[in-house]
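Presented below is the structure to which this report refers.
Naming follows writing order (A, B, C and D), and every chain is counted from residue 1.
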Amino acid sequence: MNQLLFLVLAALTVLGALGVVLRTNPVHSALALVATLFLLSVLFVGLDAQLVAVLQIIVYAGAIVVLFLFVIMLLNLQTDVRVLGGGTLVAAALAGGLALAALLVAAVRGASPGPRGALPAGFGATVSLAHKLFTDYLLSFELTSILLLVAVVGAVALAQKKR
Amino acid sequence: MVDVAIVAAKALVVVLIVLLTMGHGVFFERKVSAIIQDRIGANRASIFGVAALGIINTLVADPLKFLLKEDIVPANVDRLLHFLAPVLSVLPLLVTFAVVPFGDVLVVGGRSIDLQAAELDVGVLYVLAMVAMAVYGVVLAGWASNNRWSLLGAVRGSAQMISYEIAMGLALIAVVLTYETLDLQTIVRAQGALLWGWLPAWGVLYQPLAFVVFMTAGIAESKRIPFDLPESESELVSGYFTEYSGAKHLMFMMSDFVEVVLVAALVTTLFFGGWQVPYLLRDGFHFPGGSTVPLPSLAVTGLQVLAFVLKLHCFTLLQIVIRWTLPRFRYDQLMRLGWQGLLPLSLANVVASAFVIVFLQRPAA
Amino acid sequence: MGPTPLSWYLVLSAVLFVIGALGVLVRRNIIVIFMAIELMLNAVNLTFVAFARSLASTDGQVIVFFVMTVAAAEAAVGLAIILAMFRNRETVNADEITSLRW
Amino acid sequence: MVTMAAGPLPTELLRWIVALPAAGVLWHVSAGRRWPASARVVGPGVVLGAFAVALAAVAALHAAPEGAALRDHVAGWIAAGPFQADAALRLDRLSAVMTLVVTGIGFLIHVYSVGYMHDDPDSVRFFTYLNLFITAMLVLVLADNLLLLFVGWEGVGLCSYLLIGFWYTDTANAVAGKKAFLVNRIGDAAFLVGLFLLWNATGTLDFAGLDARLSDLATMTVGGWSLPLVAGLLLLAGACGKSAQIPLYVWLPDAMAGPTPVSALIHAATMVTAGVYLVARLHGLYALAPAALAVVAVIGTATALFAAVIGTAQTDIKRVLAYSTISQLGFMFLGLGVGVPGAAIFHVVTHAFFKALLFLGAGSVIHALGGEQDMRRMGGLARRLPVTFWTMVAATLAIAGIPPLSGFFSKDEIVWGAFAGPHAAPVLGVVAYTAAFLTAFYMGRLLCMTFLGECRASEEVQHHVHESPWTMLGPLVVLAALAVGGGFLPVPRYLDPVLGAPLPGIAAAHAETPAPLGVLALATLVAAAGLALAYWMYVVQPAMPWIVTAQLGGFYRLVRDKFRVDELYDGVVVRPLFALAGFFARVFDPAVVDGAVNGAGVAVAATSALWRRLQTGNVQHYALSFLLGAIVLVAWFVRG
């Protein structure tokens, strides 16, 4: 991907992420999250991951964040009065977060580009991913179905009104 | 440069087709409802005495009125989101048409142009993704309006859309299973085959159940009667767009109709051969009896686009007839239909399709 | 302007991850905390996809698929818990839901 | 004689010998509740089956070269590092004799039990235990290594306990069972230590492996003592417990609390001979430790005399037989000790015949008298119970040693071994003669008091006296035939190949010199004298016992009270132990043990009172510790 394009997208993504964390209104946070996820999906397309990009929109933007919004509306949440947790916690978290950021960037900066050679035909296409899913990752794939089933049952059981 | 121009041209054609069908849809809406209810319908506005069966009224006067009305933004609303909501509700739907093919290939000056605005490997998923995005318009409109009715409408709307998206997606999966591709153009091409030498192998023959489910879910997605609970004027004033007026209100109205056209386009593409004209191949007609009528390539393409637009009109009309025929559901009925009716039905359809496909290895197409 | 190096993606991912982590730590609203968790997951997804591209192997993308599945399950169950909790406690503030302790 | 086809021996037969009674147990446990009557058929049936299979296996053994053994490796059992013990069975001539005795006599007693336990509501449980006992006993005698033998050893101990306390609602029975168990535990502990020693020294517990290491063992020492001596004495302690030898014999008389078939099968014919079998099985080891053998001989002789003396003063018919058993087991130990294990095993066999017969006969009498066991309220039953009487006569003559009945041959071999065996000790021979005389006397006394003279039972009881059913009499007759003719079985010669000298030059071969005629005559004379004295005292001159007891006075009371050994043990062992336990229960446990436990609890509680401040319940505080952990991890990765 073009470096300039990347920088623009990255800046927007970071802005979106900051929006998620800093906006006091949960609906705004959710929208910032959607924007971030959408931008990430664009980055994915730039990384030749078309299927993942589309799934990102369907699953995250189309389902998960809508669910968030739905719950926010159901609980009729308004702008937070007190946004942050206790002062000690915030201070410790900020210090820790900065340390982690510094460490991660330090760890990552020198990452070797890896064998960047020519991409195999159909890289990131549905067929190649599906093939991987149903061969190498078959067990994990089937297990996720169980996970989802459990999640569905659990969510229904939890959200149900007690009789 | 030429490529960019071609893409722009294709996009323009798509938008034109959509706008055309939508305009006709609006007109049908007024006139067909009048016929159904045994009245005359829109006939007031006229230009120099020409009412043109109400076309002036529906396609000129009404939009003008909307556009020229004052844009009222209530106090204490989230202005940015209030503005964004109508855009977000119509934009994803329009963008979806990018992957709908409206013709085969157009051969111009040695160039073969695929008549599909965006050739996407994951077309079907793209459709699902964009349809899913449409929820945001509803949700934001309801929430940003700072109005009880709006919020309730938005909650209803988002729940309804999410619920029916699932059935819609599962119906699409059955279709994908049948054609073994996610590309809509490929799906349409596969429907050009003939069964037993004479019957066009349209998707509805392979997936009748998926068609019914998809159509129902599509109508529910468009939030029109009998699924119009998010706006249900007798309960929620106007639902999530109660606080909208003028051009923004028009955009919500538009998004309803765009959705109608979108459903028509998808049904056409997936189940009724898309741009396919029976027996018409690239070099002309090849009738089952053996007789052929050779046609020039340009004529063939023209026929195909025409056929596509015609089918689009048919299914738009069908949806309008349904809208004016059925009463509104109760909310629990709506949810039961979605979760206990369509969802198990489409699931069973997917499983059955998978079995059939595995046993037959591939469909006769 | 040539193609973007891998490390740029990784730095972006690290920054997103830390923003998400900070969100989890400092916000009181538990729904926002959840969103921040999604943000962290997505930061990791970006790493996977970037490495997949860099190593020309789709395994990274497959992992993203699993991450999404888990995220969906987590969101469903998590929000159901939040709903149930809100019904009992009338609050979504993390520091007011502290009865699970000595 | 079946001639075996050339080729591998049918070793798989062995597992079926054990499996059949085990299957019987399973049947009783699973189906016995629903079809209680089936136990009467299945119980004896599986033992008969085991006997038949054992016969086939012995026939196969016969076809094999002399001294060979069938070995059936059923499964690997324990393989822990260098320690190896397999579930393997072994049939050589020694175990063949024992197996046939166990299954054969066992079958007869099972048949007898069908009649004896006919009216007992718990007969299914009875047959369950009995079959379980047969299973365990077969594991014991067929085991290929000492550890598996120990399993069978404990198994028969368990069955003994269960069967002694079979009528557990009577506290005395339960107490007797517990006593048997605890006394045996003393011996078993020593047995286990002996096993550890042997394994530590040789690295194997297989009989074949042990025999192969004998020459190494001979020179080994433990704590300055000869290892074979120490191991032999430890194993002897176990044998003393199981075979009721001084000082661990006290449980056997009390064990008569169990049903009479149990006394016959377990506490006379089979289980109590396990100690004899063990010493015979390890005769190679004992050959390396003549001092241990001497101890065996002395203990045996002392027990034989001591128990015989007590036996003369008991009035309970089963107790007389119990002391008789102890005494006869003492003879067997004497045989082992003086180096004629073949004769000892021979005596095991004949003793099984006539002692089982005696117990079953006694059972028949008790049955006829409605549960009466006191001989002072018997008498004159000969005409009323003719079959029982005549079979008892045969058994009495056999145990007394009247030729040509079986006891004469086996006992004679042992006593002659004391004079002429490889480790001859004439003093012990003389004592043995005394014990033999007493044996004849108390057996004659038993016979006379029970069957001859006036009947001293109450009118009510006399009225109901009846001969037992044929399920009970049949085994009596068969056993009587065996008791009469069993002496002609060539058991010692048959056992020579396995019980001969394990290593050349360590112990001389079994005494081949036949006993001189004079010795035989003397033995016969001693036996006849004993019987005659009993007849004279209890039939001809019924007043004599009173005169004798009055003359003996205190000594008589001492004998009647079994030399007050139980009281001695009670004072020396049991009470101090109880006192010690009381101290621990009342002082040590509350103060020290509970104090430590509670103290630990208090300490933990105090510590956690500090630590639990970390648990705020706020999920974000926990998340913060996640973050810190992540920082540490990433730092660790980045570090290099």
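To be clear about the criterion, contacts are C-beta pairs under 8 Å (C-beta built on N, C-alpha and C of every residue); 3 or more make two chains touch, one makes a residue touch a chain.
Everything numeric here is computed off the predicted structure, so don't read it as measured data.
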(message) So using the touch definition from the top, which pair is joined by more C-beta contacts, A-B or A-D?
(response) A-B
(message) What's the distance between the Cα centroids of subunit B and subunit C, rounded to whole Å?
(response) 34
(request) Starting from the mean Cα coordinates of subunit A and subunit B, work out the distance between those two points in Å. (result) 30
(request) Let me have the rounded angstrom distance from the C-alpha centre of subunit A over to the C-alpha centre of subunit D, please. (result) 78
(request) Would you mind pulling out the distance in Å between where the CA atoms of subunit A average out and where those of subunit C do? (result) 6
(message) At least two partner chains per residue is the criterion; list those residues in subunit B.
(response) none
(message) Can you list every residue of subunit D that touches 2 or more other chains, as numbers and ranges?
(response) 618, 620, 624, 627
(request) Spell out, as numbers or ranges, the residues of subunit A touching 2 or more other chains. (result) 51, 55, 63, 67, 74, 85, 89, 92-93, 96-97, 100, 104
(message) How do the chains pair up in terms of touching? List each pair.
(response) A-B, A-C, A-D, C-D
(request) Mind listing the subunit A positions that touch subunit D in their complex? (result) 85, 89, 92-93, 96-97, 99-100, 103-104, 106-107
(message) With touch defined as at the start, can you tell me which subunit D residues reach subunit C in the complex?
(response) 612, 615-620, 623-624, 627
(message) So in the complex, the part of subunit C that touches subunit A is made up of which residues?
(response) 1-23, 25-29, 31-32, 34-36, 38-39, 42, 45-46, 49-56, 58-59, 61-62, 64-66, 68-77, 79-84, 86-87, 92-95
(request) Spell out the part of subunit C that touches subunit D in their complex, as residue ranges. (result) 21, 24-26, 33, 94-95, 97-102
(message) Applying the document's contact rule, which stretches of subunit A touch subunit B when the two form their complex?
(response) 27, 31, 34, 50-51, 54-55, 57-58, 61-63, 66-67, 69-70, 73-74, 76, 125-126
